[in-house]
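What follows is subunit A paired twice: with subunit B in the first complex and subunit C in the second.
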Partner chain A sequence: MAASFLFSQVMGGLTTAMFLFLIASGLSLVFGIMRVINFAHGSFYMLGAYLAWQGVQWLHPTGAGFWLATLFAAVTVGVLGAIIERVFFRSLYGREELYQLLFTYALVLILGDAAKFLWGVEQLSVSTPPILSGGIEIFGTTQPLYTLFIIAIGPAIAIAGSLVLSRTGIGRLVRAAQMDREMLDALGANVGAIYTGMFVFASFLAGLSGALVTPIQSIVPGMDVLIIVQAFIVVVIGGMGSFWGTFWGSVIYGEVLSFGILIFPGFSLFSVFALMAVILIVRPWGLFGRPL
Partner chain B sequence: MTALLAIENIHAAYGLSRVLFGISLEVETGECVCLLGRNGVGKTTTMRSVMGLLRPTSGRVLWKGADIAGWSPHRVARAGIGFVPEDRRIFAELSVWENLDIAARAARRRGRWDIDAVYELFPALRELRNRQGGFLSGGEQQMLTIARTLMGNPELLLLDEPSEGLAPLVVETLLEKTRELKAQGVTILLAEQGVDFSLALADRVYVLEKGSIRHSGPAAELRNDSALRDRLLAL
Partner chain C sequence: MTTETTAPAAAPIGVAREGNWVRRIPWTLIVFLVLATVPWVGSRYDTFLAEQIAIDALFAVSLNLLLGTTGLVSFGHVAYFGVGAYVCGILMKTYEVPFIFAFPAAGLGTALFALVSGYFCVRLIKLYFAMLTLAFSQIVWAVAYKWNDVTGGDQGLPEIPFPDLDWMSAIPGLGDLRTNDQFYLLALAIIAVSLAILHRLVRSPFGRVLTTIRDNPERAAFIGVNVRAYQLAAFVVAGTFAGFAGALYGIFSRGVFADFVFWSKSAEVMIMAILGGMGYFWGPPVGAAVLVWLSQKITAYTEYWPFMLGTILLVLLFALPGGIVGGLAALWNRIQGRRRA
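What follows is the complex of A and B.
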């Protein structure tokens, strides 16, 4: 196999990985801190994609308004997250997982149908923003600029996120809320507001990644369920609630998928599921997680 | 003059099991009041009811005359009541300094207690400031949990069983520190099983039994009258 070919596979894997990271990090954060498994997280990603498309249509169908549309999509999904957390999730904290599962699954169905109602079932697509529409030569391959941008944004968010968690006052409060919610409340912190903030941030990231994926993938009904399954696999591999675990879990997932296609063509997803099965047997709490 | 804290006839329960049967008590500014009684008589429940961690089924909790029963814990904390729980509840994965820092951020009450002031009261904590809370000894954790609550500059400190599980020498140090706090004008409501610890500090005591108040009076009375002490607190 030529080196340039391998390089292309690695880059393809990394692109998948960084999208997954943006989604799975929010999923993992919400679970790690609030102990709620949010199945509807993939629906937020889907809404981000549709809203970005809508924004582009309103602003400039040729694609010039892409960045503004992306911001609009991510912020709108964040606001939606705030409403959903304030109105519904409140009563789920500390309840049995079954209730959380049922509620968030209902949300998946409702949001999925709402998207079909609003945008139909046709494939929609968004063109690459002009500033990133070219490509550059690396190792004898042509890498689209947009792909490189996505590969850069993942680590940037990972580093920024972990610095905020470890070095800032907000980060310390968030970590304390994860360890002992009631004690932090008794010390005077409005833990409910911290939860809302975290949920909004996670929703914002999901909406952002949904918007950013549109130049690469077409927008179709069902993308919500497809992505949530993948995000769960990432989180299982990396370890629930571990920020860097999610990052490396995404990278492993992306690369295994990218190279799995070469080894088992037609069974590419098999390799990822096999990896997850092995990890669940050997290290059920994930590569970077801690035993519960 | 209204008392700083007045509990009026509160009843409380955990689910179906009733724990408090009409507790009434008062704490005046500058006082150290002790709730004495065995394990399970309702001392912790009384404190949790004041703090908003448990909603009393009936009765009033008056803070400077306003009823705060049913308030959320952070609202109670910001109103000026600081809680030092029995099980200490240090944030185990945060360092000593981080534990103190978030407490100041959480309560948002500035006053005489800041990081330097609590390090001055507990010099050991300054040495341990970078150590994770989970790696402290029991005595060190107890100091940290008191220091952490002080960072919120409470006007009333609820101290739940501070001497529990500590070696006698550590208890001695703790007693001294608590006396120092009292001398500096911190109002304290203390819950204790240990008679020596509480009588050494308290101005007044309430003796609890099965969720009600069996006796109340000046601490000196119990200190001087061993027959009364034995009758009330025979363990």
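What follows is the complex of A and C.
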């Protein structure tokens, strides 16, 4: 195998990985704190994509104003997250997991149809922002600038996120909420506000990643269900609630998928599911997580 | 949120209730006898609807053995439905095995798969259990979707033959029915027997132990119950009957497709169980009936059925956690209480 071929395979895997990381990190944060698998996280991602498209249409249909539209999409999804957490989720915290799971599933159904109602079933697409539309030559392969940008933004968010978690007062509170919610509550911290804040931040990340994916992938109904399964696998591999775990989980997922296609074509999908099952059997809390 | 176990809001399954005249009528038998008359009194469409409901009812009851009785939240129950459908479909179509052998083989195959996957699943607690069951169901889906030579891949297995029903034509009164209707009667009989077996099982000492495990696994272990073995047994039984439901469904819908096994189907059958009331044996069939009927009615008017389903689910979660049967039982108890007072 030629080096350039291997390289483009690695880069392909990394692009998938960093995208998934943006989405999965939010899923993992919500799980780490609230112990809820938020199926609706994929729907937030889808809404981010549609809203970015809408923003671009309003601002400038040829694709300028992409960054403003992205910000608009992420913030709107964040606000939606705040409403959902405050109005509905709050009353489910004491209830069984089953009800919480089904609540997020109800959101998947409702938001999926809402998107169909608002934007139809046609494929929509957004053109690459002009500043990143070129490509550069590396090892004899042409890498689009936008892909490189995505590959860079993943680690940037991972580093920023882990710095916030480990160095700041807010990060300390979040980690404390992960470990023992009652104790933190008893110590006088406003746990409710922390929950809302984390949920909003996770929704914001989902909206952001949905907006950022639009120049690469077309926006179609059903993208919510497809992505949530992948993000879920990533989080299981890395460890629910672990920030760096999610990062490495994304890298493993991306590369297994990218190279799995070479080794047994047609069964790469199977290989990632099998990897997830094996990890759940051997180390249910994931490669980098801690037992509950 | 704590990880403590809280029992689902439901009445205990398997506890004998006070006898009164309403309960002494054999409702189950009446319902099945009425359903058996559908091919004569109803249209083709009615038979189709009744068959869909009956199969979904068996599927939902099998899930409820885990969900309501044992307290195991399986998010991948559709895997066993799918394995049953594929085993029966492949045997009957590709290898031309008669139904009388293919159907038990589907149950056996599903039981084996449930035994292996369940062995790993029941070692995990709560949410991890839900995640691993989901993972297994996605593996089944990936195999079904990609293994073209055996499962037909994304094309599926169309045109699964009907079983040989000549013997039924020999029975007076059934001879002039269409093959569809004859198969409906056969499926209905199989489902009735399956539900009777499951009902016996839930009310048996075995079922009591499962309920104990649901309510308090630690205490169950403390009094000497091998919790994992019982959970695994429940898992295998639930999987097997889901496999039977799947085998019937494959023939009923004249084909087996990878869509059958997609994870959203697991959620759908879970909604049926909860809509009816997972604290009651007859809750899930009621949920199946209501949901199938509603989906048929609503899709006739609008394409936004998922939106309606999501709304129904929200109402259930926030306003009616005991489901339809739970709500009716509460209402009945209030009326009874008022009468006594």
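Just so it is clear, the second predicted complex is superposed on the first by the 291 of 292 C-alpha atoms of A that agree within 3 Å, B and C clash if a C-alpha of one lies under 4 Å from a C-alpha of the other, contacts with A are read in each partner's own complex, and residues count from 1 in each chain.
Just so we're on the same page, contacts are C-beta pairs under 8 Å (C-beta built on N, C-alpha and C of every residue); 3 or more make two chains touch, one makes a residue touch a chain.
All of these numbers come straight from a predicted model, not from anything done at the bench.
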Should the pairing of subunit B and subunit C on subunit A count as a clash or a fit in the superposition? fit
Is subunit A touched at more residues by subunit B or by subunit C? C
Which partner does A:F117 reach: the first (subunit B), the second (subunit C), both, or neither? second
Please work out whether A:A277 is in contact with subunit B alone, subunit C alone, both, or neither, and reply first, second, both or neither. second
Could you say whether A:V87 touches subunit B, subunit C, both of them, or neither, answering first, second, both or neither? neither
On the A-aligned overlay, A:N190 touches which partner chain: subunit B = first, subunit C = second, or both, or neither? first
When the two complexes are placed on top of each other via chain A, what is the minimal CA separation of subunit B and subunit C in Å? 13
Which subunit A residues contact subunit B in one complex and subunit C in the other? 182
In the complex formed with subunit A, which residues of subunit B make contact? 51-53, 72-74, 76-78, 83, 85, 89, 91-94, 98, 101-103, 105-109, 148-149, 152
For the complex, give me every residue of subunit C touching subunit A. 1-3, 6, 8, 67, 73, 75, 120, 123-124, 126-128, 130-132, 134-136, 138-139, 142-143, 145-146, 148, 263-264, 267, 270-271, 274, 304, 306-307, 309-311, 313-314, 317-318, 321
Where on subunit A does subunit C make contact in their complex? 34-37, 88, 91-99, 101-103, 105-110, 112-114, 116-117, 181-182, 225, 229, 232, 236, 266-267, 269-270, 273-274, 276-277, 280-281, 284-285, 292
Interface with subunit B, subunit A side, in the complex: residues 169, 172-173, 175-176, 179-180, 182-191
